[in-house]
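Mind having a look at this structure? Questions to follow.
By written order: A, B, C and D. Residues from 1 in each chain.
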Amino acid sequence: MEFIEVFSRILGSAVIFATPLIFTALGGVFSERSGVINIGLEGLMIMGAFVGIVFNLTFHTVFGAATPWISMLAAVIVSALFSLVHAAASITFRADQVVSGVAINFLALGIGLFLTKQWYDKGQTDFIKQPFYSSDVPVFNNIPIVGEMLFSGWYWTSYLAIAMAFAAWFVLYKTPFGLRLRSVGEHPMAADTNGIHVYRMRYIGVMISGALGGLGGSVYAMTVALNFSHGTILGQGFISLAAVIFGKWHPLGALGAAIFFGFAQSLSIVSSDIAFLEDVPSVFMLIAPYVLTILALAGFIGRAEAPKSLGEAYIKGNR
Amino acid sequence: MFSNRMINILIPVLSVILGLVAGAVIMLVFGYNPLDGFAALWKGAFGDSYFFGETIRQVTPYILSGLAVAFALRSGLLNIGVEGQVFVGWLASVWIGISFELPMVVHLPLAITAAAFAGAAWGFIPGLLKAKLGVHEVIVTIMMNYIALYVSNAVIRSLLTDGADRTESIAATASLKSEWLAEMTFYSRIHYGFIIAIAMAVVMWFILNRTTKGFELRAVGFNQHASNYAGMNVGRNIITAMVISGAFAGLAGAMEGLGTFGSMSIKSGFTNIGFDGIAVALLGANTAVGVVLAAFLFGILKIGALNMPTEAGVPTELVEIIIALIIFFVASSYMIRWVLLRFKKEGK
Amino acid sequence: GSSDSEESTGGDSGESSGNEESGGDGGSGDFSVAMVTDVGGVDDKSFNQSAWEGLQSFGEENGLSKGEGIDYAQSESDADYATNLNRLVRQDYNLIFGIGYLLQPAIKEVAGQYPDTSFALVDSVQEGDNIASIVFKEHQGSFLAGVAAAKKTQSNQIGFIGGVDGNLINKFEAGFVAGVKSVNADIDVEIEYAENFNDPEKGRALASNMYSKGVDVIYHASGGTGNGVFAEAKDLKNASPDEDVWVIGVDRDQYEEGQIGDANVTLTSMVKRVDIAVQDVSEQAMNGEFPGGEVIEYGLEDDAISIAETNEEAMTEEITSSVNEWKEKIINGDVEVPSTREELESFVDAL
Amino acid sequence: MEYVIEMLKIRKEFPGIVANDDITLRVQKGEIHALLGENGAGKSTLMNVLFGLYQPEQGEIKVRGAQVKITDPNTANAHGIGMVHQHFMLVDTFTVTENIILGSEPKKGGTVDIKKAEKQVAELSEQYGLNVDPSAKIRDISVGMQQRVEILKTLYRGADILIFDEPTAVLTPQEIKELIEIMNNLVKEGKSIILITHKLKEIMEVCDRCTVIRKGRGIGTVDVSETTPDQLAALMVGRDVSFSTEKTAAQPNEVYLSIKDLHVKDGRGVDMVKGLNLDVRSGEIVGIAGVDGNGQSELIEAVTGLRKSESGTIHLHEKVISNLTPRKVTQSGVSHIPQDRHKFGLVLDFPIGENMVLQTYYDEPFSKKGVMNFKNIYEKASDLIQEYDVRTPDAYTKARALSGGNQQKAIIGREVDRSPDLIIAAQPTRGLDVGAIEFIHKKLIEERDKGRAILLLSFELDEIMNVSDRIAVMFDGSIIREVAPEDTNEQELGLLMAGNTGQKAGGV
């Protein structure tokens, strides 16, 4: 059936688009649930993309086909460490969290481009030799309809992203760690009086966002951009931030929001094939994803409640 | 040793110094001569009156986009959509600039006002959605940025031109350019917009600190419940804040459209005037004076940086890092304050 | 070896020109020349880089080096063009190149202010006695790319992905479509614009949509957005190595980008040798023959526009001979390649 | 005698102030020990030191005779010390159980074993007679139940020394009664309790001994059985305080506020006020008595324009003020001392001076043609600060830096000064010390005597009985009975507040 083919095509490219956003938005959820605003998601993605590409270029002869995965891991670690800057500024030094996040964005881009210039003596790297490739999931891809839609031509990283969303939900809502992390974002003093280390939890929240933001950035770089330049990450971090809020600070909500964006994007591309949309000026197709998002928010998503103490530095002994 | 007042002044100054020192360290580590680097930066920004003029030219839109972000923040709203509001302001000013033949006294104010209105309209939408439906302004403004980008391109391509990449140049009667300023500065693109920017800083200060509307806006920014209790219309104030913020941003666009470029071309991405405005506002602690000073710092660094590769072989990217570090140090002023207070105690 | 000069991009070309000339004497007097990049930066693997390579070759022939007779200034935003041009004027460069059509307004302005300095604008036209406009007949190269695509396609469906819809890229589009239609008027050419030179995601989605509808050759003229086109093609190649998916690169030979294992998805590239033009105009200026006020068009006949044949496996004998045939016709003037959509329309009607 | 807690010569400084200066507190096993002092005397600080939230500059702490160093709440818990804080330490969006187990969760395979936890909570609450719903969200339950959750939190951690910081300030009389019973139960189980309260009656009723602190210094410890409320008050304040508010009989005049058949829904759309009728006349104070949650908040919000009324009318004089905006209501002559002073009453980040003109800033002389006149504003503010004895360094100090009592005095000054026809005072003395309460009651009566109509909402029966000229008992969204304070007593009011109109309790 043709519809299924078109749909699976839209879904396929929606998921490719959504995957890095899912990772990054999940990171945002952890950070913001712990009470730290993270406008620096963009910067964390940049750092992840940079590290992923550099690592991939440097070690592809050593690790062969495993290179992208190991590069991804490297990006996760470095970005998590990098996010410590945001954590230290906004948690320990009580910096305005928005300011600190903005600085992260500047810093990541500056460092990435500066080091690219230092190491490669040019403004952008070469193409990586070992990108991620999509593949079919054996056995499952033979299931009629569903097999074609969900198990053919996807990236493993996309499955990882979706699994990660459920894992994040599990961690946040089913484990002691999650309960504590959320309590710190809602009412840090209550958490403190219960013997929870507020600062430690917040550091962990921010570092998880660093790790996942780096993951998102590196996945993007190694599936779509294939190199690193000033234009590799352009706004995906902000879209991820939007997904965090759109998804009401819930991991599965963020997952849904990211996929929604993906759908809106790929619909706007596929729509040129749809007969009755053929004559619509292309600008309407270009802005459609963004307009749809606003309409969705205004129409039925509405008010979202942020974690209560989001954005407030916790000062021990203050009331 | 230090009074509190002095500490408040010292902190941003120290932050800038610390940022520059950190930049120097990075230069040393990578084998550049920091003295050469900073000398090149200084010369690039102030080397002669041309560069000074260019620095002012760069500072002008930064002041306005910084004011836009700051104004919204003072009312408790994070306007990430300044970028888009700059776009529509730029477009509107050029549109008026190329479409009419009018005497300058009418044409120029009309073009400037159109920019302010366009920016205001672009700010009105997220304001309205926030006020009436509680939709988070951050998402809506992010989305509005993209819409502004694509719509501006489409308008330039299909309404303002016949498929061209750039509009024609605006009529001289709508231009902010100044013959004598240009001549004085060896043809830098400094323009009268700078006066508008400074005037708007005064306007912002006046609105927020001297008018009843500003009193309401600040009250709403701090505590919506109490504002409502006190009889202020919270929703209307949210909209007002976004509209005024958008108007400032639109004016920043007019600076580019009527001053620096005199036209608008199809853009393949954001200009960053708006995003840099976030940093300018935050660096300037969301006050009018602070924004002006921070815009100067930004403008100097940005224009001066262009000179660093040619004169000292230092990559411009380093300046991004220095800017980021300065922002961090300002943001983490608690740390500096803490150290200063230490000194103060020991000094006793 | 100089036979692989077509292949050489990036840092290589410095070497190859080094081979040609090493013991050059510094007989350049005090002639100096510099260039201003557009926001792509001097190492954009595209026309900025190529221009700088041209200047470097010029420098090597005349004993000049960076900072000593030749130099570049990079722009971080559109607002920086005029500042940079001005800076170079004040550093007393005799000739200053503006690289990219984005610099046209700035060149116009600054050249007007400094009538004693010579300017050269690449990729666009600006009148002025002290301005030489350098343009390329990209439509010619694109035409040949279209011929190659038409010869290669098996599905009779071909795609074109442009960066931002505008005069410059329309030129590529028109030439390309004309080339395809000249070979086989029945071939469908699907045309899409990403509205961005830096959105690989969009490029990828557009390519994905095209390939999945049966398009098997895509010509991209979209800068960084093209990264996504390559990513999609390589991913398809990886999934089914026997299937034919091709990308045609732009500006320089994008063979490297197409490499996947032992296979390569880059059919060919429309190579635009900005370096040749830059070097040429610099030499003319040095010899006192600066073509001020003129529009100099570089095309197939100057080898400033060409079609890469690096992928020998893909560019079969048949394709290259056909490409060469058309190339002759164009150079001879037998074929007038259209450079706008209007011209294309009448061109196709005439077929 | 065996002491479970000895805090010896404790000193705690904050920047620019010594909050605790050489205070000694000894608590015996099995007693309820009161800690008494004015607002800002240093009681909470001392207890926060004991709970490990603050580190003292000097002094030592012994628990059951052994010297200890309490560095954080975890250590305090380990020593069996639990604290119910003045401002509740509960996460609104969590359930009762989640709040209780937070930080020491029962686990099953790495996950929180919420079933087991809920069972434990249910058992504990049974054991001590604390009635809570383990799976309810905190934001959906009453303040009284929230308090019991706080108590459960300490019990769950095995505390046998419990600190209660002003637990009764937010409770209704019924809830206070229940709390006292709970405390007695706890002591019976062998636990020791430190109780902070401003209500001397409660101290007299439940406490064994009482330590008094004044301005950060320990004044001494007395046996409650050997003292009187007057003596305690005098110790605390350092002068004699009168309790019963002196007032002459009311001289009610024409009806100012008239509410007819009013219906109001709450935020979730539940009917809270159901056909309420009430008149308030000039020159009288009408007190609304009732258990929290019977529609009082909605009633007041409807009258002041903060909430929409569904049907019915509210008249001020001849003018209908139902469903007007808060601004219009204010302009019609209504003043409102809000229940939650931090949320509604003040913009905490504004200087106290600017808070003084929060509703009048747009009027002359505070502004003219939209331009503020700060000179006039601060002149006015300084006058009010003086007149209402608001203790603040100056009018430029942020409202946040003032103590609760002084914030409240500032609000009252602002509201009364507008010379309104109607003053609505919602819990105007909540959390304040006796001195401040005395002052506020005096002010309200003064205003009444000037011919204003005053509507007083309070959960403190004492306050209702002492201040009101007429008591309207509110139950389930309407006024079920109006009585004169001299014709009733606490028992009868208690029954009425429980909705019991049938029998007339005890012949008075």
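Couple of notes before you dig in:
Simple rule for what comes next: contacts are C-beta pairs under 8 Å (C-beta built on N, C-alpha and C of every residue); 3 or more make two chains touch, one makes a residue touch a chain.
Chain identities (UniProt): A, B = ABC transporter permease; D = ABC transporter ATP-binding protein.
This structure is a prediction, so every number in the text was calculated from the model and none was measured.
Between the chain pairs A-B and A-C, more C-beta pairs are in contact across A-B. Computed from the mean C-alpha positions, the centre of chain A (ABC transporter permease) lies at a distance of 28 Å from the centre of chain B (ABC transporter permease).
Note on chain placement: the centre of chain B (ABC transporter permease) and the centre of chain C lie 36 Å apart, centres being C-alpha means. Work out the mean CA point of chain C and of chain D, and you get 76 Å between them.
Listed for chain C are residues 165, 195, 197-198, each touching two or more other chains. Of all residues in chain B (ABC transporter permease), those touching 2 or more other chains are 150, 153, 269, listed in ascending order. Taken pair by pair, the chains that touch are A-B, A-C, A-D, B-C, B-D. The touching residues of chain A (ABC transporter permease), when paired with chain D in their complex, are 170, 174-176, 179-180, 182-183, 186-187, 189-196, 305, 308, 316-317, 319. Note for the complex: chain A (ABC transporter permease) touches chain C at residues 9, 12-13, 16-17, 121-124, 126-127, 129, 131, 133-136, 153, 220, 223-227, 229-232, 234, 265-266, 269-270, 272-273, 282, 286. On the side of chain C, the complex with chain B (ABC transporter permease) involves touching residues 67, 71, 73-80, 82-84, 86-87, 90-91, 101-102, 104-105, 109-110, 113-114, 163-168, 170, 195-198. If you check the complex, the residues on chain D that touch chain B (ABC transporter permease) are 304, 306, 325-331, 336, 338, 343-350, 354, 358-359, 361-362, 367, 370-372. In the complex of the two chains, the chain C residues touching chain A (ABC transporter permease) come out as 10, 40-45, 49, 165, 192-193, 195, 197-202, 204-206, 208-209, 212-213, 224, 227-228, 230-231, 234-235, 238-239, 256-257, 259.
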